[in-house]
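The structure is given below, and queries will be raised subsequently.
Letters A, B and C mark the chains as written, and numbering starts fresh at 1 in each.
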Amino acid sequence: MRTFRLPDLGEGLQDAEIVSWHISAGDRVVADQPLVSVETEKAVVEVPAPWSGRVMSIHGAPGDLIAIGEPLAEFDLDETKADAGTVVGDLPQAPPISKRPAPREDGMPSRVKATPAVRALARKRGVNIAAITGTGPGGSISLSDVEDATAQTHAGEFQPLLGARRTMARNMAAAHAEIVPTTVSDEAIIETWPSNADVTMRLVRAIVAACHAEPALNAWYEGDRRARLVHDKIDLGIAVNTDDGLFVPVLRDAGNRDETELRTGFEAMKRDVTARSIPPQELQGQTITLSNFGMIGGRHAALVVMPPQVAILGVGRITTEPKVSKGKIVASKVLPLSLTFDHRAVSGAEATRFLMAAIANLER
Amino acid sequence: MTEISLVEAVTLALSRAMEDDERVLLLGEDIGLDGGVFRATAGLVERFGTDRVRDTPLSEAIIAGVSVGLAAQGFRPVGEIQFMGFIYPVIDQLVNHASRLRTRTRGRISCPLVIRAPFGGGIHAPEHHSESMEAMFAHVPGLRVVIPSSPHRAYGLLLAAIRNPDPVVFLEPKRIYRALKEDVPDNGEALPLDRCVVLREGSDVTIVTWGAMTVEALAAADELAGEGVSTEVIDVSTLKPLDAKTILESVHKTGRCVIVHEAPFTAGFGAEIAARLAEKGLMDLLAPVRRVAGYDVVMPLPRLENSYMPSAERIATAVRESAAYA
Amino acid sequence: MQADEESPDKHAEITFAVSHTGYLGPDGTVEEPLPEFARDASALIPLYGAMVLTRVLDEKAVALQRTGRLGTYASSLGQEAVGVGVAAAMRPDDIFVPSFREQAAQLWRGVSPKEILLYWGGDERGSDFEGPREDFPVCIPVASHFPHAAGIALAFKLRNEQRVAIAVAGDGATSKGDFYEAINIAAVWSVPAVFVINNNQWAISVPRAAQTAAQTLAQKAIAAGMPGERVDGNDVIAVQDATERAIARARAGDGPSLIEAITYRLADHTTADDAHRYREDAEVSAHWKEEPVGRLRRYLTDQSVWTKENEEALLAQVAEQVDEAVEAYLATPAQPVETMFDYLFEKLPAGLLAQREAAMTKLTGQGHD
């Protein structure tokens, strides 16, 4: 670094006023290039650069008085400008290699060979395009392939589900995805029942008895936490079938209410369900469910356990069967029972004992 | 009414334009007494004088550069470049100046010039006389590229180009300079620029093309009609700005598109049209968009010329292959 | 067309001389009798003021670039006399067709300092001159504007207007086809044009000696069939004198001429260039002794028409003018994004409306109809 001081301008002058700078700090100049115009008493004088090099800094602004010998500018005589590598514009510099993102490699998924118009048609027809074998060029799926597939599988168009059906579709899928269903089934001989027996209430009583015998089936299970809540109360859901779909109103605290009260309560619930006036709370909170599907038909069934419940008792159609009693074949009225349970939370022994307890109560 | 050819329609349009507007003048090599090497300017110097029909020294850059200066001063110069093979020095003046003078001066100076050139192959000409590089011009912002395909359209589109306040490259398909004749009334009516023309309606496949290839495309369409394939043929007409709407509407109807151009396949203007279809017409497509084009080779000398250029047969094959996507 | 009557195919004896005009020496002393317009020294003061304005604006532009407030800039340091001399010889309704280093002439012609800063600052409005409405904007592709000047001059001739087109380009431009093609057609069509070569001895890093084997650049005019002469480009009197004579010839219908104005590029090619890489500092220092502004100042001072007070006042006035322009430039915000589209055609084609919309709303898609 060299300091350039205001040189003697002659004629006995001691100082000069800066009028204007011709260069800026940072500029590269050559010797004799005018650096600054200064005003003396006699004239405005251009002060030339003494050396070639880079002016690192300048001293004084227009209007300032500089004495002879005072610093005017600092020079760096050796430094050259960093090579811009261009004569126009600014070239962006590459980031350090470590900072550059690694190139991505994407795998190519395999695709169905069908043009967008063909896909659109398949969607419209509700046809699964991936299942179609294409007869178009290159094995692609053509419009007529889609039409053919439509003709084979469906007449008409898909209608989106609404209301209770939609709910059923959603809930069943969710339940199936979560629980581990296992079913044990058996029969109760109900030959001794009076002809006017209240089947539903007897089933309710049997379930209550079974729950007392094996409380494990009157519980809620949360798979995420692997945690179980065994209930004291029995809030029994009873499946009720209507034109609008299946509803499961809840008979609260079935274990502690008398039968008459349970019956009237159940009738009221059935009316409300049919009238679609049942409040949502009445459809929630089941701890165990009864489905007497036998009223419509069928004997044994593996029903769907709705989490967080762990059990559902299915009851089939009452039939008269030949059974062996005291060594003799006797025509007997038989009530088939199927107990489906979530085997994550209930063991086979618990389930079987529950079922036997229910049967024992029914056969009394 | 006499029927005239495409090149005669060019002459008719030039004389009409010069008659109606004294600012129109012509520059080019051999366009005066010789009437232009294709006779496109025949008779004009006799009618309008050497001030307005000017033979230039041999310099394409000058034809364009002087036109820029004249246009900036309010004239309407129409420069003729003898063959597209000689047009490349003009690109500097078109890209660096004509196409951008208006925008870079914020409208203070504009450049209403027309550069005309015969283009395309099929006349058994020596090297460099059969080029099709329209895509180069179509790529330039601020430039219009217009290609007529019939005498009637040559007349109307050239008038429109001359009257347009911005620069136009007007490429004349020389293969059909004289091959078609039709009645062209000298009524001074310009045809709209920036618009495709539907030459033939159809329902199964859309052919999109321009210039001399329209003739091949229509011939292919005739052949295919006999096979029960109904082909729509669109003449793009103004390549830039492209009337994509007409093309998209047609492909919405047919679902299949074959683009035909003489110019080499890669990065030809067909690629732009195919991209527009992919962007806005994808859901209508039943078949891949096809391009039937010149090969990516230097245009061969005349002996192999016909093997290079798309023929009605090659076009029909591509259309059939498209139609197979049923 | 008529063939040359004197045996065009036989041995031709063609000799030529290239004259050189200069009046003031580097130290400001008069070396040749001054032309009429310069005999009253005070008449030269506007020329001096214009050169000072050019230089001060130029220094300011370089400083702005260094502080990131101007784009790449091509300094005209040392070449002020060429521009001022040429422009001072023109009438307002003549037309100027510049290269990219003609700020001096542009300023004299009425382009404002703010417009010059806007242009180099990257704003098209810098070319929408309020003053000389028909002058051409800066031309970057070297020599490609010479054909424009020929076309403009042809327009004047066709309309019988007494106007002249003047184009200026550098020494490098004389190697380009466009240069020769333009002077060729200008001469053969005898149009009212003047072509000036602002020979600053350097085309980026290529010195004049490596540009052509021709002894002078002016003699290239002879190949085109028009007069060519040289002037001392650092003597504003000589430049104005030669240009006036050339313009008079053109205006009188005697066709175009070429003037080679010899000067020196005292700065780098542009603010991004570093001339130190290819030329010797000693050479540049030597040329500082011949620069045009100090030369004229010395002459005017010697003629007692210019005092210290005049100098101060001028510097103060110029500084104020330049500062005002800088302020106005810095205060000008960038144009709205849609202006990229709005001046492309007289009427924006429908197909571009969607893109314009997309640019305005910064959608990621391109947008097409």
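Convention: contacts are C-beta pairs under 8 Å (C-beta built on N, C-alpha and C of every residue); 3 or more make two chains touch, one makes a residue touch a chain.
Note that the coordinates shown come from a computational prediction; the quantities given were computed from them, not determined experimentally.
Innermost chain of the displayed assembly, by C-alpha centre distance to the whole-protein C-alpha centre, is B.
More inter-chain C-beta contacts link the pair A-C than the other of A-B and A-C.
A separation of 39 Å divides the Cα centre of subunit B from that of subunit C.
Each chain gets one centre point, the mean of its Cα atoms, and the points for subunit A and subunit B are 56 Å apart.
The distance from the centre of subunit A to the centre of subunit C, with each centre set as the mean of the Cα atoms, comes to 69 Å.
Those residues of subunit A that touch subunit B in the shared complex are 115-118, 120, 136-137, 140, 142-144. Looking at the complex, you find that subunit B touches subunit C at residues 25, 51, 54, 56-57, 59, 61-62, 64-75, 77, 89, 92-93, 96-97, 101-110, 141-142, 165-166, 194, 241-245, 276, 279-280. On the subunit C side of its complex with subunit A, the touching residues are 55-56, 59, 62-63, 66-67, 71-72, 204, 266, 269-270, 272-274, 276-277, 281-282, 284-286, 288-289, 294, 301, 308, 311-312, 315, 319. Interface residues of subunit C, counted against subunit B in their complex, comprise 124-125, 127-129, 133-134, 136-137, 140-141, 144-156, 158, 165, 177-178, 181-182, 184-185, 188-189, 339-340, 343-346, 349-352, 368-369.
For subunit B in complex with subunit A, the residues that touch the partner chain are 255, 282-288, 321, 324-326.
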